[in-house]
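Please find the structures below.
Next come two complexes, and both contain subunit A; in the first it sits with subunit B, in the second with subunit C.
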Partner chain A sequence: MKPEFLKSTLLSLAIFCRFIGIWQLATMPKESAAPQTPAGMSAEYAALMGLTAPKQSGFPPPAEVGRAFVKFLSDPFYDRGPNDKGIGIQLGHSLGRVGLGFLLAAIVAIPLGFAIGMSPLIYRALDPFIQVLKPISPLAWMPLALYTIKDSGISGIFVIFICSLWPMLINTAFGVAGVRREWLNVARTLEVRPLRKALTVILPAAAPTILTGARISMGIAWLVIVAAEMLVGGTGIGYFVWNEWNNLALPNVIFAIVIIGVVGMVLDRFFATLQKFVTYAE
Partner chain B sequence: MTAPYLLIEDLAKRYPGSSEPVFENIRFGIERGEFVCIIGHSGCGKTTILNVLAGLEQPSDGHVIVDNREVKGPGLDRGVVFQGHALMPWLTVLQNVAFGVRSRWPDWSADKINEQARKYLEMVGLGHAMDKKPSALSGGMKQRVGIARAFAIQPKMLLLDEPFGALDALTRGTIQDELLKIVQATQQTVFMITHDVDEAILLADRILLMSNGPRARIAEIVEVTMPRNRTRAGLHHDPQYYRIRNHLVDFLVSRSGGDEARNATHPVTVRPGLEADANAPATTDSPFVRASTELAA
Partner chain C sequence: MSAWKDPFNADHRLGACSCGEHHSQAEHDAASATASAAPSADLSADADTEAMTRRTLESAVMRAIFPDDNQRRKFLRAVGSGTALAAVSSLFPFSALEAMAQEKGPLEKKDLKIGFIPITCSSPIVMADPLGFYKAQGLNVQVVKTASWALIRDKVMNKEYDASHMLAPMPLAISLGVGSNPQPINVATIQNTNGQAITLSVRHKDKRDPKMWKGFKFAVPFDYSMHNFLLRYYVAEHGLDPDKDIQIRVVPPPEMVANLRAGNIDGFLGPDPFNQRAVFEEVGFIHILSKEIWDGHPCCAFGVPAEFVKQNPNTFAALYRSVLTASKMARDPKNRPIMAEVLSPAAYLNQPKTVLEQVLTGRFADGLGQVQNVPDRADFDPVPWYSMSVWILTQMKRWGYIKGDVQYKDVAERVFLLTDAKKRMAEVGLTPPKESYKKFKVLGKEFDPMKPEAYVESFAIKRS
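Right after this comes the complex of A and B.
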């Protein structure tokens, strides 16, 4: 096990170094095309026009992005006005929206999923709505949310809510409907009351499937929050990306992209750990 | 004459979409403290009868009366041991048994519940495995947990659906011995489905023989006339054993599908174990008995 882990880590590092190396080569300033003052133009004017500056590809080299990393991570929580906040504060806003929207979705999806999973009638009645609503891009709800809620912050939370809802709802219903007949029969012969049965038999039996749904929901929510914040603006990691794009500060954009990836991975790991906790071997 | 503890009257089960009932005209009684086995080929509806007794399925016709009250649904007065043990894999062995105990006595403290669960797990010889998850147990151990769970709620009656069907012969023998010991000690009323003729003879006071389905009935009731203190090791030394065994195997092999068995309206009670006694002195020294024993062996 251990040498395998060492080998894979070394290989990952090698791939990373090679990637950085290629990036560095691709963004190096071209030496051959040395800047020349065009004929009939004063040197001062040419400099003002930027014609004497060394030609660059425009895409930042790794070192510049590295400096952005150092700059943002060394002071993550500063707040200098609406367009200049530390990355920690921006992430906090995004995670707060995702957490709240996700929590609301769980509060709706898990009980409703229980009802759908336990009653074939409710399942058949709600199935057409779920089938139609599920494939709608969460961002398509945004205009409607902005119009009815009239608050961009809450609209963002609503979009997270609506995109987290479906995977959790469907997985909960699936998990509850799939609880082994025998376990339900045990509960019946022991005259277990419905609430106790739901909490001590059905919930633990369906928990792995429910958490799979929650994990998918969280993944989608983290994808959607970036786009939603680009639209509503104000705060959050998505707004940060958009703002830095408007500043044409590509190193900052790349930094934000990497941070979005890392946070998404941490969220996914968290749910994977929860899943491991409730999974049972038969 | 008082009514037996459990009485089944004119029970029939029809499944939707099928013209013929799986079984019909099922009637029998079980006395308090009696051990009754039911044997029949697959598809004759044994499990359905047991599920009706447990209250898990509704019969199409007829009714079940336990202790002068009609059975309408599942209840804690009947403990069920399921074919596939039906343990909850997310609970430990102790928690599985305690789940039943807590359902039976919701007012008990956690200590008292665990104490009761431990007592019955010790009884089936699982004192050492209480904190394991069912997935870490062998098939025989899982089935023992199921038995402990059913016994721990101290039901008036036990229903066992082929509890040892999935076990290898050696394990089955050990658990049969344990079940025999427990049932003899507790004087439990038991109704059990089995496919194993020897198991039925070892455990039962009476064996119900079912004809083949559809329209299955109880064709015969065999009384096991051997003394109650049987052991697996001593069983085959009793000449009655072979007579009963031959009778059961004959029925299953050649008579269960015949018209006589299938049209039985009122099952006859037979005592094949004593048949020889009617013709010859009831001693094992009798040449007749010895001969028949040797033949059978």
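Right after this comes the complex of A and C.
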């Protein structure tokens, strides 16, 4: 193991412990004594206010969040009807939606990106539309999607589709347009047919740029799915966050936040590996 | 099938499926598929059907009371099965349920999806699921928790839900095409009466006089809600114009407490359990219960699209009976603690049990240091009175949500299914009222449903 790697890992761990320590200090209960009825308050009132039992109010300490981790991760695949499922099942639903929306976006964006990248005319014609549509928040599409598609599940996938589309489209076009002239000229000299040129010359040359676009798209899709599921509900990690927010159960919300972060990181790593795989040295 | 285990036997394990034998419904379905392929001696015997129906009901009830199977076994070992059966039977009308289960028309549609918002108003349609009232009618109902009222509206209009928990004014608004495209939706039953409150932030403990509320920001769950109309009525009676002197914004019920804590709003007229939850979290206090504005006011309704009613008459009747059975049970004060127990898990309301208990039993901490005892804080009277509908329309007219001439009685009688409700109420042993309109008082002012236009005209603060 390289000493550099060891050092950075140690530093990461130190930052993490420090963070937990500060968190613990900041959320320490004011008095450690057992909860008791405040003076001048009837016992029944205190019981109804939940003051006689230990109650979580304010920000939860790390131990509380740790318990939430143990609770949810020890039984990730339970299914108690449509409104209460394990975290594994919720994640499965979210990943399924993201995967489907992302795949559809790739099917549209990559060929279209090729067309735009290879033809300056199409590029100029479509550019204004892309520029207007690109900055629209995907969630702004939601009411429109619900109204026209008339199905909340498909609307969710549509929102993922529409937000994954632009980075992939633009990057594909950019990558295709940036293929070195010499290579294209060689292809022309050899009289390579257009389809073969696209697949054997342009695609390998533009692949790193296309995958960068895909990586950005996936990042955005994972950001959006949580918000979309909070809006549409039913299943998914976003619904989980919303349901726990209902109950003002912050430890569970923090648990979900960490899980969202970890899954997002795994997805990003996956695309980074793919990117390395297609990168070539000139 | 030997699957019909006695739920009052401490040695039997009740599973997660409808018969109790299997770990999940999927497993159960797989098993029954094989069972029906090979003719079973047990199933062919007619006499057994009755016993099986009863077992299903008992199992469902026992599973609802004891979600943890070990607890049920412990309980039964401790008190003995005879005592347990007697105790539980006194609470649940097993024989009535059984009678209903026997009388089945051919159902047009068995798999139904019903939406709900996680508030106590939804109690009857939600508790009918864990208590097996839908199953008793041969229906396979999924109750689906939904994020907001706008989404409920969209999902009902898209036919993703066959029926849904709705705010009582929503079917009127949707049928009239106010705030959406027009689509006829019926009110089958009123879900609940009373059960709402005005909750104010603890910062305003000294501002109990509504005249001091100028500039306050209030939250209501939806534009077309009793909450909006009652809050407007209440402040207007105290001389404040709800459109000019205060701000009313739409916030989904679950987000009201978080907003109150953050100081985004000064108070809300919202559904329970969120009023009590605000007290429990020590961020708010209950200013008044909504029953002090109008005792017996409707709040939420069981909304069913007119098209569904027409296409599936038998299913609709079965659904009606399931929901009314739940209403009947919910009305009985001695069932309220059990309701709190059944409704508090994550799949349903996802709230602390003590909060639900305070809401449902009416013995609650008001956030001002007092324990109040108001047994009718929340009630579940299912009768969809035409007069309630007319009152809602007068308020929609008063605040400019609908313009022009309103055919009050016509709309009320088209949307609210009082005649059907009376018939189905009699079937489940409830006493339906004889009349269709009744007078009532809102903040001491009498409402005569026969003179709606004059009523609207009588208010000093209005938009129309």
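Basically, the second predicted complex is superposed on the first by the 255 of 282 C-alpha atoms of A that agree within 3 Å, B and C clash if a C-alpha of one lies under 4 Å from a C-alpha of the other, contacts with A are read in each partner's own complex, and residues count from 1 in each chain.
We take it that a residue touches a chain if its C-beta (ideal position, glycine included) is under 8 Å from a C-beta of that chain, and two chains touch if they have at least 3 such contacts.
Worth saying up front: this structure is predicted, and the values here are computed from it rather than measured.
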item	value
Contacts of A:243 with subunit B and subunit C, given as first, second, both or neither	second
Which of subunit B and subunit C A:12 touches, first, second, both or neither	neither
First, second, both or neither for A:205, with subunit B first and subunit C second	first
Subunit C versus subunit B, contacts on subunit A by residue	C
Contacts of A:183 with subunit B and subunit C, given as first, second, both or neither	first
Which superposed partner A:192 touches (first subunit B, second subunit C, both, neither)	first
Which superposed partner A:24 touches (first subunit B, second subunit C, both, neither)	neither
A:81 touches, of subunit B and subunit C: first, second, both or neither?	second
Touching residues (chain side subunit A, partner subunit C) in the complex	41-42, 44-45, 47-50, 57, 79-84, 146-147, 150-152, 230-234, 239, 242-248
Touching residues (chain side subunit A, partner subunit B) in the complex	180, 182-183, 185-186, 188-192, 200-201, 204-205, 207, 278, 280-282
Partner subunit A, residues of subunit B touching it in the complex	54-56, 73-76, 78-80, 82, 84, 86, 88-91, 99-100, 103-104, 133, 135, 153
Subunit C to subunit A touching residues, read off their complex	16, 24, 118, 129, 142-148, 151, 154-155, 157-160, 254-255, 257-258, 277, 279-282, 345-348, 350-352, 354, 358, 363-365, 369-371
